[in-house]
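A short write-up of the structure that comes next.
Chain naming follows the written order as A, B, C, D and E, and within any one chain the residues start at number 1.
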Amino acid sequence: GDVGGGSVGGGGGDDDVLKIGFVSTETGSSAPFGEANTYVIESMEQWFAEHPVTVDGAELSVEIVVKDSQSDSARAGEVAAELINSDGVDLVLTSSTPDITNPVSEQCEANSVPCISTVAPWQPFAIRDGDQPADLKYSYHAFWGLEDVSAVYADMWGQVENNGKAAGLFPNDPDGQAWSANFPALTEDTGVTIDDPGLYPNGTQDFSAQLSAFEGHDILVGVPIPPDFTTFWQQAGQQGYQPKVATIGKALLFPSSVEALGNAGDGLTSEVWWHPTAPFTSSLTGQTAQELADQYETDTGKQWTQPLGFAEALFEITVAAVQEAGSTDPDAITGALSTLEVSTVVGDIAWGADDSVPPYVAKTPLVGGQWRLDEGADEGTHPYELVVVSNTLAPEIPTGGEVEPLR
Amino acid sequence: MDWLNAGVQGVLLGGQYALLACGLSLIFGVMRIVNLAHGVLAVLAAYLSLFLVQQGLPLWLAVVVVVPVFAALGYAVQRGLFNPALAQVRARGAGGDSRGGGSRGAGELAPLLVSFGVAVALTSLLQEVFSADTRRIPTGDLASAGVPLGPLSVGLLPLITLVVAVAVIAGVQLFLARTPTGRAMRAVADDPGAAALTGVDPRHMYAVATAVAFATLALAGVFVGMSTQFSPGYGDLVLLFAFEAVIIGGLGSLWGTLAGGVVLGVAQTIGAQIDPQSGVLAGHLVFLAVLVVRPGGLLPRSVPA
Amino acid sequence: MSVPTVPPTGAPTITRGGRGSLIGAGGLALVVVLLAAVVPYVVTLGALSSLVMLFALVILGTTWNLLAGYGGIVSVGQQAYVGVGGYALIQLADAVGAPPWAAVLAAGVIGAAVALPTSYLVFRLAGGYLAIGTWVVAEVFRLVTMQIDGLGGGSGLSLTAFRGTDRVDRVAFVYWFALALMVAVVLGTYLLMRSRVGLGLTAIRDDRVAAGSLGVAVDRGRRLVYVAGSAGAALAGALIALSTLGVTPGSIYSVSWTAAMIFIVVVGGIGTIEGPLVGAVVYWALQQALAPLGTWYLVVLGVVAVAVVLLAPRGLWGLVAGRFQLFPTTYRVRSGRI
Amino acid sequence: MTVPLLQVAGVAKRFGRVVTARDVSFEVSAGEALGLVGPNGAGKTTLLDIVAGTRRADAGSVVLDGQDLTRLGAAARADLGVARSYQVPRPFAGLTVYENVLVGASFAGRRHGGDTRDRAWHALEVTGLAGAADTPSGSLRLLDRKRLEVARALATGPRLLLLDEIAGGLTERELPQVVGLVRRLRDDGVAVVWIEHVLHALLDVVDRLLCLAAGEVIAQGDPHEVIRSPEVVEVYLGSTVDSVPGESA
Amino acid sequence: MSVLEVTGLEVRYGDLLAVDGVGLTLAEGETLAVLGANGAGKSTLLAALAGTHLPAAGTVLLDGAAVTGMPAHRRVRRGVALVPEGRRLFGSLTVEENLLMGRYPRRPGPWDLRAVYDVFPHVAEMRDRRAAVLSGGQQQAVAIGRALLANPRVLLLDEVSLGLAPAVVTRIYDAVRRITAEGTTALVVEQDLDQALRVADRVQCLLRGRTVLEAPAAGLDREAVADAYFGITPDLRTQEN
């Protein structure tokens, strides 16, 4: 036989089964990202059991193989290779943080298997070495970019009187690098200059150097990991640094991390990539965003999180692409993805439609939000609420108020 | 002014490291165990306190509960896991039954690997129980409160942490230096076999040492839990800093550990003041520099060859 | 002048390994032949990729055992060289354009070249100090790497040299190459330990001062071990990068590599050539079998580590093998005298 | 016996306040045995360390056969023919007795050429350890450990042999074996320096005696004269005066 | 009633039977010297009496109560104190702290710090030094002092002269004689026959783990004892257990 001919390879296997591989993050430091994945994968398995995918009149049963990246990029690449080469999946889904999406996409490129990824701004996904987007043939990414974040941020900052000076709190990780490399130029046009004292390593325990450099900056912007932001924000309080508006990516993503800030989380702003009030519905289940979020809260008892919609969207995209391709052949799926248009629970997604991004990137709508503390919240309900305060980029998503300056 | 501020903040940071390092130093000094589970155990203490606080206990009462619980846990862990592992170190040291294909047994690595196993398993168990979400022990306004100190403003919580660290270290140091039990503990550290000949049960004494270490670690865990957001894996992030504090200070010297924590803290803040990217790196470089100049640490209690 | 005041009486028979060892070695050779000539044709490409990880683990375990088990240098910082190897591979293959096999070997050489000056720092320390010191050195490597823009900073690098190659060719190449490398490393370690140098190294491990008084060049010996062990870690790092097609500083410089090495060596049986082989297979098999359990996988891993140390202190190999050695390094004296 | 094999001149060494050697000088020729006595803590072992190169002196020189060893490390000196035993034995616990001795024969012993294994075996036979060749050295009892110390040193085929308390704890009947071994070595042309508190054994074989107290040579020369000198009687052999080492510094 | 009574004691290291059916009795205030060649099993016997290496068979009665399987640290509290081979002081503790470790079992009795300093006046002078920097002879004195502070019923001394300068040996044994003269019951293992015969009331000779000679010390011939070491004196009253 041939080398590696022991069993199916990628794209092989039964023609009446759609085998989806999912590299999720269930353990390790990024595990909160994976919680929504786990929930959606389970409900999708039920859904597909009752609703097989119909392709050209033939019914495909759907099988989902999940592997845990353990929050480690080497492990992510390893399990992606296993999914492709041992499990023989037809395509690979993955999400959340470039540390995971990029190695998975590399494996898919090397093994000629389609890969659909999300929950990572497109710049750190696309730009892997040097400053040019990589030339990817099998990877398709759906998310927004830093130009969108900066526009949203600028709009939010415009709602609060400020001196046009912003302090940048960027870590030395893929997100921080992308933020610090792109943000200053992007916000300059809006009259805000960002002072970036340099990328600090994750896990930094003392931010007094940053705090002394930040004095006199009305705006704080950054993408720290949650523990680092808590450390920073507390030390800011202790050492008397008080910006008018603080817009923080990543660290404020999950309600639990905002809750962990105590009262100090009130009024912090952040980009919002998915919100239950958005007027979108799932192309698979027909659930609205609100229904999906409510269902999640009922089933898990936890507050809804933004990755939820995107986990759902990954499956919507998959089914649409396979139907468009008319088969599970990897090249056919890749071909279908390159021009795919689909309306998902996170909004309209279309590849090849936007010349300002690489052809394998499809952008999703982005708005801005502010965390508001509900002082009178009952025991057992969630004390913080995320209110949409900026929708210039996606007017279809309704706002719930204006940015209030920090107290 | 910035430099002064950086220095002061560094000292406060050092207090945090020293508090965490105190138990590490005790275990390292008495048993030569490099306890890799120290960080995650501190996190466990934080979770436990948080749980109690969520049950409605005031924080001080939670601490009063958690510290003795951890002392008991330390006693049990030592008797159940570390003592058997240490027995192998000694078996190897005495040559013991080393007959056979050159295989020498885990030897001095046994405690290291046991603590590693505990760390890995415990981290995952914590995640299973508490999920990977980040938490914090609520402190009201304490966490972000500052107190003016001359021209500077320093955090109240870090100040309290430093004071507690100094108090704990002084207490443990006094216990070791002045009480018969402390003396017996040092004797066991020198020669457990000879200590047994004076009526000390080395295994019990080791367990007492670990109990004390765990009590201090629980306290450190509570302070970690108040001052930052923690998740099951958070312990690894600060474990190395605590080790550095122990080693800079020198084996077996708790005052050294405090000094080590402060040196490391100041190195990090001053380093960050020079270049915000390099705070942690500067701490590491100062650590290595100290070791190059004084391979025994700053204040080693010179232990005989 | 010299000793022989008593005439040689009843010269002893000195043997190293017996028939058991020969049979065992034959068995091992057979396994290697099977791995080289049969396995690739009967398993999936995915299985081959994960076997590459097994081979890398064997190299990691074997070289860490060289360090700790034979050299007495308990380094917790070998991830420094895993990282150096990974980055060197990608730079050589992508930026310089070296063929992958040459890039891997060169990564090993670079690892050795970095280890040599580092050893002067590390050797000032001993015991727990050395363990923590090496860990800090590895952190310094990671932090410095993260500050070099050319190395991708905190994001790391992707390996692009393989883009466009046929995947079967790629997987097959990496597989055979890793297999050959593993065999070379294990055999090389064995021959080293069997040689006079190996005897000297064991003496250094047991008592440095006494070894010195008997003419063993202690510093040179330890340095040799450190440099060779680090070169091995760098080779493994290069293989890992080759197989995962990229590196990120957090992952390739992760202390979990060293944790894996310690697990492999101690669980397998330290101070033997066979131990790390057994340990690597156990570690890899646990990973393969239990990874779907998510969190519980690590719980099991931790419990296995504790259980083996406490219940089988000489490791799994010590448990099954007793006096038997597949790779005989010790001498047995059958005295001519009574 | 014209040019001494070993020339130690003006050696000084202190640990903090404790002086363990102050301007110590002595010589030993090939085929000569020098006994080294003195109160506990006088600095005998330290002096041996300095000659063997495991410790560096603060001042002074060590010359072997006209070659200055002062800057050489222990291994280099072993290569030149200096061998020693340790007062507190230091076996390679992970190796068998035979392998322990093989280390001596394979490194410093290599300069003799010939078969390493034979040399190792002879050293075992001479010291009466041949029967224990396969025993893991870690499980030897104290006396056999001391024997192993001597065997390892012999396996290097030394020109200068430094022995540190190899007779302590032996019975009256065992002592003559040790004495005989030292005598044979000396007669073969090896220079021997032997530290020993078991005086009658020492006096049986040494050609000269040197007495050290608090780091200073207080008597040197004919063994029986040295042993009768008042200072030696006072600080070493027994009188009311308490010799507190280092204290006189 | 005898303070210590041992019958049929067997102690093993793996397959090796190091002490093979030894019996002995120690009356109050008596000093017994145990003699024998290297490896005869003397230290092993003491280890079994002190509880650092538990016997495989036989009984050890202390004041009539069985302590055979009791670990060392509990046996000290009952009054068995061993001065081990090689002194084994706590190097990082001061001399006085080392002595105070002897007080750990808190047994009442005549020995306190003052009494020990009286016997070893030179030790008093260096009470604040770390034990590690003492010379061998000084260490030996501290080790004996430490054992005395436990106010033992039985003091076990294992080759306390090993590696000591002649002057020191004399002084140490002077002290031992003074201690036993004050009524402390002692069991002494000693290679130096002259010293042993001078300090002991009775001697017991071991050969390969068995008792080969038991006799009062007074008038005993050195040569006879030495012969017994090697089992070449059938005419002496030997006792096989």
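By our rule, contacts are C-beta pairs under 8 Å (C-beta built on N, C-alpha and C of every residue); 3 or more make two chains touch, one makes a residue touch a chain.
Model, not experiment: these values are computed from the prediction.
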| item | value |
| --- | --- |
| Of all other chains, the one whose Cα centre sits farthest from subunit E | A |
| Reference subunit B; chain at largest CA-centroid distance | D |
| Length of the line joining the C-alpha centres of subunit A and subunit B, rounded to whole Å | 37 |
| Distance from the mean Cα position of subunit C to that of subunit B, given in whole angstrom | 31 |
| For subunit A paired with subunit C, centre-to-centre distance based on mean C-alpha positions, whole Å | 39 |
| Length of the line joining the C-alpha centres of subunit A and subunit E, rounded to whole Å | 76 |
| Of all residues in subunit E, the ones touching two or more other chains | none |
| Numbers and ranges of subunit D residues touching at least 2 other chains | 91, 93-94 |
| In subunit B, residues with contacts to at least two other chains | 97, 99, 102, 104, 124, 127, 277, 280-281 |
| Subunit B residues within the subunit C interface of the complex | 28, 32, 34, 81, 84-85, 88, 91, 99-110, 112-114, 116-125, 127-128, 236, 240, 243-244, 246-247, 251, 277-278, 280-281, 284-285, 287-288, 291-292, 295-297 |
| Of all residues in subunit C, those that touch subunit D in their complex | 1-6, 8-9, 11-12, 14, 196, 199-200, 202-203, 205-207, 209-218, 271, 330-333, 335, 337 |
| Subunit E partner contacts - residues on subunit B that touch it in the complex | 97, 180, 183-184, 186-187, 189-191, 193-202, 252, 301-305 |
| Parts of subunit C lying in touch with subunit B, wherever the complex brings them together | 68-69, 74, 121, 124-129, 131-133, 135-137, 139-140, 143-144, 147, 255, 259, 262-263, 265-267, 269-272, 275, 295-299, 301-306, 309-310, 313-315, 317-318, 321-325, 329-330 |
| Partner subunit B, residues of subunit E touching it in the complex | 14, 50, 52, 71-74, 76-77, 81-82, 84, 88-93, 97-98, 100-105, 130-132, 146-147, 150 |
